[in-house]
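Two complexes, one shared chain (subunit A), two partners (subunit B, subunit C).
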Partner chain A sequence: MKLELRNISCGYGKLTVLNGVSLTVDEGSVGLFGPNGAGKTTLIHAVLGMVPLQNGEIYFDGERIDTKKTHTIVRQGISVVPQERELFPAMTVLENLQVGAENIDRARAAMADTLELVYSYFPILKERQGQYAGTMSGGQQRMLAVGRALMAKPKLLILDEPSLGLQPSIVHELFDILNIMKKEISIFLTEQNLRESLRTVGKGYILENGHIVLEGDADGLANNPQVTRAYLGL
Partner chain B sequence: MRQNKAVIGSAVGFIGVMIIILLIAKPSALIFGIQRAGLYAAIALPMALVLGIVHIVNLAHGEMMMIAAYLTYSICVAFGLDPLVAMVPTAVIMFFVGMLLFRFTIRYALKAPELNQLILTFGLAMVLSQGINLLATSQPRKLSVDYVTSSATIGNVSFGTYDFIFLAVAVIFLTGLMLFLKKTRLGKAAMAVGQNPVGAQFVGINVISTYTIIFAIASAMLGIMGAFFITKMSIFPTVGGAYTMKSFCLVAMAGIGNLPMVLLSSLVLGISESAVQSIPGGTGWSPLVFFGLIIAVILFRSYAKTAGVK
Partner chain C sequence: MKKTLNRTFLIIGVLLLAAPLFMGPYAQSVARSVLMYLMLAISWNMLVSSGQLSFGIAGFFGLGGYASTLAIVYLGMPPILSLVFAFILVGAAAWLLGLVALRLRGMYFAISTLALAEIFRVIIHNWHGFTGGPNGKLLPKLIFDGASVPTYLLMAVLAAGTIAFSMWFRRSKFHFAVTSIRDNEIAAMSTGINIYKTLLMVFAVTSAVQGLVGASFANMYGFVTPESSFNMNYTLLPLAMTLLGGLYTTWGPVLGAVLLGIVGEYLKLYIPYGHLIVYGIIIVLVILFMPNGIVGLSGKLLNGFEARKKGEVQL
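For the complex of A and B:
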């Protein structure tokens, strides 16, 4: 598995949000850090083909994907846990999980097994499988969104600010699970919470105002004074 | 949920009371009301499907049924077929007509403000009825089919039996749609798209082609209804407009995405219209019943919402 962004620029109408960003995610887990409005979500939407590129290319496993449609890219093995979760509120937990697999041939065939795996990561989803997604708490909805993304049997799991709006104990619990998950699957996540994510990712990029301003392995970032001052409050 | 129960409860209660009153006072009005409700529901269900999943109010809905009725008429005249046989090619043709209409017009208004969508489909409605006016003139057309005049007598009430076919079609449509949406992969994907089109993209659903197929299915259903319509009614270029209005109001009464409620609201509407018409001199008053009911239901819904009934 290898996701490669080569010098991409993109934005909305005349507004350019990302300006010549290059980034590589291969085996192992990678983080993208930056303040609100830096362009993290925009970058993920560009990978999924939801925001057209003004410049540059995106490759997934050597194949160019920036000209493809979103559903094709998802079916090729990139699953995203959106920042806003984007669940199906009037479907039950189980139906949300099933719909995560049903539209992808490879995932549909393995649905029963993947469901067991998801339930083993998040036992709460099994307990609540008959409950409507829209009636669950923020933390449970985030877990359901992760579960739904896993149901697609992706090669790469992307999480857009998974800690957003969750209380610290739940964030901690979620990252514990991601740490188990990353042994099985490549993870790319965006975050503002570096304290939690630096124990999950091997490598990280710092994005500010649409530019990558710093990159390095997790230890390097954790010890970089620029990073500790801006993101760890030290 | 509770609001829904309250609405269903009052609808069922209302229907019950009307049935009892009419059974005693005017049984034939009850039968006509139920038959009329079937016709309304069968025409409104495809609109409810489109509104629930594509989120488009199709103001050309009745006109599409009118087109289908003309299609059936032409096929019957050209090949000497029975309209219920001509129904099959009509439905197939309407499926593709719906597909093309969606691909080349409605699709481009999906992200536009709702007013633009309404103007677009209103424009389509005008094009369709004026197009037919040019092609076929405004002269009413009718097929004479003998089986539609069959009747039955219970006690001293006699009534047409064929008209119950509309109720049967409505029930078949409803059951078929519910099964499709709950049990098939395409149907479940359509439900997902209806609830959250952005979320649907994230799970690998092709949203635009789902919209297209749903619109085409609704058009094919209108094709079927067009064929049934011409077995009983005469058609002319503007015959569809009233059905657009009624379907829209029934769907609004039922609540977006609530297909079974479409059948219930049709019963409320059909039976009360028929009750008013059975009063001597009441015929002209039936549109008032119609709009009065709509206003009552919509007021009730907003009241229930502001009063915090969930």
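For the complex of A and C:
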């Protein structure tokens, strides 16, 4: 599995949000960090084909994907946990999970097994499987969103600020589970919470104003004075 | 619970479908028009399940009527075959128009379907040489020579087919796809759903059903005119029926069509056109007091009943 962004630029209308960003996600887990408005979510939307590129190319497993439609990219093995409004509130927990697998052939064939796997990561989802997704707490909804993304049997799981709006203990629990998951699949996440995510990712990029300003392995970033001052409050 | 509800409706449905056979031509003609509206309501409800509101029912209805009539008049097509022809032609037309219209969403899509229906009517109204212009076209003879029982049976078969199709639809992967598109398009895309293709297919098939109904209407009454075949009633009544019965279900539109169809027939006798006022009042009341329609309400009651039976508390 390899996701490669080569010198991409994109934005909305006349506004350019990402300006010549290059980034590589191989096996293992990679983080993208930066303040609000840096372009983290835009970068994920670009990977998924929801925002057209003005410049540059995106490759997944050696194949160019930036000209493809979102559903095709998802079927090729990239699943996303979007930042907000990520569920189908009028469907039950189980139905939300089923939708995750329903439209992808290899995932549909393996649905029963994947469901067991998701339930083993998040036992609460099994308890609540008949409940409407819209009636669950924020943390449970986020877990369901992760579960639904896993149902697609992706090679790469992308999470857009998984800690957003959750209480610290739940965030901690979620990252514990991501730490187990990353042994099975590759993870690419964006975060503002470096303290938690540096436990999980092997490598990180720092994005500011649409530019990658720093990259390095997790230890390197954790000990970089620039990073500790700006993000860890030390 | 859902099973009990479905089975109850199935039994009632079969009985209701068979009843007019023993009640003479008048009941059969009322029942035929109820079935017609029922099919329009079911097909509209299938598209609306994906969040796309179509105001073009009358357009596809009229187009189907003209397709069938002109095929019989000019090509000498047998009536039954002309129904199939109308189904395919309207489906293909909706597919082509959907390619463009389905790039729009919500209100914009709704208005463009309304405009499409009007464009069909205007073209047919003005194409004197081919369509007969404002005078319309007469069929050489009615389907089954106008015999009441076979005509009713044909409509019953078509309606049963539409109901079965809708039941299958609600269990297929289309159900998940359209519901997720209605709920959240971004999330739907991210689960690998091809939104455009799904909507296009649903739009084409449901419009084809509406064309088929229009074609059978033309064959039952033996004529088409721009004013009657593209009448706004064919858009508004199925909508009212679906709202009354319950959105996003198979049995909602069925129930709504049966109730409003029969009530409307009686009202028509006593206050001509007054039934439209009653429909309007019903829509307002339903939206205010039971947004899930009768089926939603009875499902809720049934749920409560079963929970009490099991000794569970229902909040």
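Here, the second predicted complex is superposed on the first by the 233 of 234 C-alpha atoms of A that agree within 3 Å, B and C clash if a C-alpha of one lies under 4 Å from a C-alpha of the other, contacts with A are read in each partner's own complex, and residues count from 1 in each chain.
We take it that a residue touches a chain if its C-beta (ideal position, glycine included) is under 8 Å from a C-beta of that chain, and two chains touch if they have at least 3 such contacts.
Quick caveat: nothing in here was measured; it's all calculated off a predicted structure.
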So, after the overlay on subunit A, do subunit B and subunit C clash or fit? They clash
Check the residue A:Met50 against both partner chains and state whether it touches subunit B (first), subunit C (second), both, or neither. both
**Study point:** Which superposed partner A:Glu173 touches (first subunit B, second subunit C, both, neither)
**Key:** neither
- Query: Is A:Asp61 in contact with subunit B, with subunit C, with both, or with neither (first, second, both, neither)?
  - Reply: neither
### Message
Taking the superposition on A as described, I'd like to know which of subunit B and subunit C A:Glu4 touches: first, second, both or neither.
### Response
neither
Partner chain in contact with A:Ala90 - subunit B first, subunit C second, else both or neither
both
Check: subunit A residues flagged as touching subunit B and also subunit C 48, 50, 69-71, 74-75, 79-80, 82, 86-91, 95, 98-100, 102-104, 148-149, 152
Per the touch rule above, subunit A residues touching subunit B in the complex are 48, 50, 69-71, 74-75, 79-80, 82, 86-91, 95, 98-100, 102-104, 148-149, 152
Note: in the complex, subunit B contacts subunit A through residues 185, 188-189, 191-192, 195-196, 198-199, 201-207
Listed in rising order, the residues of subunit C that touch subunit A in the complex are 173, 176-177, 179-180, 182-184, 186-195
Counting only contacts in the complex, subunit A reaches subunit C at residues 48, 50, 69-71, 74-75, 79-80, 82, 85-91, 95, 98-100, 102-104, 148-149, 152
